[in-house]
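Letters A, B and C mark the chains in the order given here, with residues in each chain numbered from 1 onward.
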Amino acid sequence: MSLVRVENLGKSYNAQTKVLKDVSFNVEAGEFVSIIGPSGAGKSTLLRCINRMVEIDEGNVVFDGQDVGSLNKKELRKMRTNIGMIFQHYNLVPRLSVIENVLHGRFGYKTTLEGILGKFTEDEKEQAFYLLKKLGIEDHAYKRCDQLSGGQQQRVGIARALIQDPKIVLCDEPIASLDPNASKVIMDYLKSITMELNITCIVNLHQVEIARDYSDRIIGLSKGGIVFDGSSYKLTTDSTDLIYGTTTPKVQKRQLVTV
Amino acid sequence: MEAISISPHIKRKANGKISIKTGNKSERVMKWTISTLTLLTIMAFLFFNYDGLDLAKAIPETAYNLKVMFLEPGLSHFTWGAAFYQVGITLGLAFLSTILGAVIAFFLALMAATNLSNKWISKTVRIFVAIVRAVPTVLWVLIFAIAAGLGSEAAILGMLFHSIAYLVKAFSEAFEEVDKGIMEALKATGASWWHIVTHAVVPSTFTYLLSWTFLRFEINFSVAVAMGAAAGAGGIGFELFMASGFYFDMREVGLITYMILLLAIILELMSTRLKNRYFPATAK
Amino acid sequence: MNEKVMRNQRKWQTILFAGIIIALTYLSSDITDFNIVHGIATLPDAAIWIFSNLFVTQESLERLPKILGKLAETILMSIAATTTGTVVALFLGLMGSKTTGTSNALAMFARFIASVARNIPVVAWALILLLSFGQNSVTGYLALFVGSVGFLTRAFIESIDEASQSAVEALRATGATYFQIVYKAVIPQCLPQMISWILFMIETNIRSATLVGILTGTGIGYSFDLYYKTLNYNAVALVTLCIVLSVIVIELMSNHIRKVIL
């Protein structure tokens, strides 16, 4: 059975425009899927429907056999512990230490009071250090997050998602604010760690090349609808044209010649 | 997992548990501040003077008084006309101390701004202002009341002092943010100090000066109410004092409170709009 | 042409504005019976009076222990009003902020309470409370407390609104509860700002405490009033000096703390 099943998903924030229209796809356990599309296509919204950070209007999302839309508050929290999330702007608490931010990933497993008092077990702390070491930032553990570079902050974000012990991580443009070198480091870590721990991964990206290099499968989203869904190597220029609504490559070539 | 627990990067607390705090100075100082204030609060409640306090009587009585005030407001010792006249006096006291304060503060701020003045003059003005600010307004008013004779002069002079102190700080900060380039360009053309002030500094800071002045007016309104009640400065504050402390007339207290509240909220709404418009980032 | 019209318009606006200010000044002087010439003329006399009467003598120094006791009462009262006000303001602030608020009705309620509490002057609260609570520290404390709640709630709402929403989203995605999010993502971000406001409130409250003290007969305000009414100006000078010194010391300490934490 698929880990994530999205069935005829529809979503709108207001009456005028539908952000997602009749979106359906499945993601198998262990897959590394990229969602590409121009900005405003609905990528972030789609991702947030999977862990119900935004409410689902039409259709169903089934995660690990549970209908996400029908969960109550408590069940939803419990489900979210199984879903890690990584953000474009890292979304760390700036004034807290790296290690504290990583441990925030454990809140879903704790009672409110344990969380407020910051009661973490020694095992959890050691696990946090283990992840930081794996991500190569163990020596920054006691620094404040806002003293780290973007690439380092994103690695803290990854550690926070991984300490949840998730079945899947959802990454919303994880490298959009990073330079090419840092981007490569982050994508390499994401790929190798999710493979090693057998975690499913869905990544929103806007760079086609990176999606092709790293993912098993690509979903192309345009104006809230899926226009491409297949293995990475099947993505042709025609399909990217369809996704981005461009017809540029040939024209550009001709222009280049004339110039 | 075994190897990690002896990692050189892990810091441990005295009890051997792994520490997770950054332990930097700012965090320590915040902790220290919070604990000190908590301690002082406990001390305060221990050392309070509780003479004549009977909570079992005071709480229901106050609740009753508040009910009468807010649900059955009315005037009995003077007329609506007189009430508006008294409000006018309070507004007048506030307005005069603000406007005079703004004019004086303008010149003092020119002396206090580091980019327009020399270091010593600036320092002297700042120290003077800090001392003036440290004396509560009511003390200034009461001191002037004997020194200059009772009357609106004492109230306005007393309120003036704090207005000046407040506005000098605000104005001089505004002056210091004037673009250096503009001033240099003018200086290069041989413009005098006064030319620079009137042609570069004032035009580029005028809206700020006005906004700050209005903010001070808002403050001065409530100060004027307070001076009326505590220092006999007249106006609606004094009527409040009479209604409550002399006639014990809760209905009148209620009506006067409503009048003050209404004006204060109008002034606050206006100054909030000014703040959002002219200083969106540093609204304080 | 167009520019000329605009400049003309600006000129008229300026003249109109100046006219209004002058008219209001005149009106205010009239209604308050204020004579600016007389006001200025009294300044030298006032200065002379201050210098020849307001100084500390050996005799007034004997009252120092008593005055210091009253000063301590005032300072402690101000701190207690601020800290306890902070606790209430924190809840109202969380309710009133867009970031952490749970319902619109509650947010409106919080903002309404805060607005009423801060816009009714502290003197009014003092006078009302005095009637039933009597002449003791609790009356002054309560009056300052209400004002502190009003002011701090507004300040806290602003600070919480300014805190970045992104960490809140991240914690929500991990399955954290509301209070976990508030305590671990929102408060750590606004804490320095909040402490700065608390320190500011303490400074303000010490100044107001003098005023409240005069009205309610408590703390240093009572000492001042007592010596003032008995014409013991040397003691008045000593009281004023004590207030000034304590306000300056507290301000210096606050500024130092602010420098480190902000």
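FYI, a contact is a pair of C-beta atoms (placed from the backbone, for glycine too) under 8 Å apart; a residue touches a chain by one contact, two chains touch by 3 or more.
All values reported here derive from a predicted model rather than from experimental measurement.
Peer 1: If you tally the C-beta contacts for A-C and for A-B, which one comes out higher?
Peer 2: A-C
Peer 1: By mean C-alpha coordinates, which chain is most distant from chain B?
Peer 2: Centroid comparison gives A as the farthest chain from chain B.
Peer 1: Can you compute the centre-to-centre distance for chain B and chain C, using the mean CA position of each chain? Integer Å is fine.
Peer 2: One centre to the other, that is 6 Å.
Peer 1: For chain A and chain B, what's the span in angstrom between their mean Cα positions?
Peer 2: Chain centres of chain A and chain B, defined by C-alpha means, are spaced 48 Å apart.
Peer 1: Residues of chain B that touch two or more other chains: which are they?
Peer 2: There are none in chain B.
Peer 1: Can you list the chain A residues in contact with two or more other chains?
Peer 2: Correct list: 96, 100, 118.
Peer 1: Touching at least two other chains at once: which residues of chain C meet that condition?
Peer 2: 191-192
Peer 1: Can you tell me which positions in chain A touch chain B when the two form their complex?
Peer 2: 96-97, 99-100, 103, 118, 120, 122, 125-126, 129-130, 133, 138-139, 141-144
Peer 1: Which residues, counting only chain C, touch chain A once they are in their complex?
Peer 2: Those in contact with chain A are residues 164, 166-167, 169-180, 183-185, 188-189, 191-192.
Peer 1: Going by the contact rule at the top, pick out the chain A residues touching chain C in the complex.
Peer 2: Its residues touching chain C are 51, 53, 76-81, 83-85, 87, 89-96, 100, 104-110, 112, 115-116, 118, 157, 160, 164.
Peer 1: Touching chain B in the complex: which residues of chain C?
Peer 2: 21, 24-25, 27-29, 31-36, 38-39, 42-43, 45-47, 49-50, 53-54, 72-73, 76-77, 79-80, 82-84, 115-116, 119-124, 127-138, 141, 158, 191-192, 195, 198-199, 207-208, 210-211, 214-215, 218, 221, 224, 228, 233, 236, 240, 243-245, 247-248, 251, 257, 260-261
Peer 1: Help me check something: in the complex, which residues belonging to chain B touch chain A?
Peer 2: 1, 4-5, 7, 9-11, 17-24
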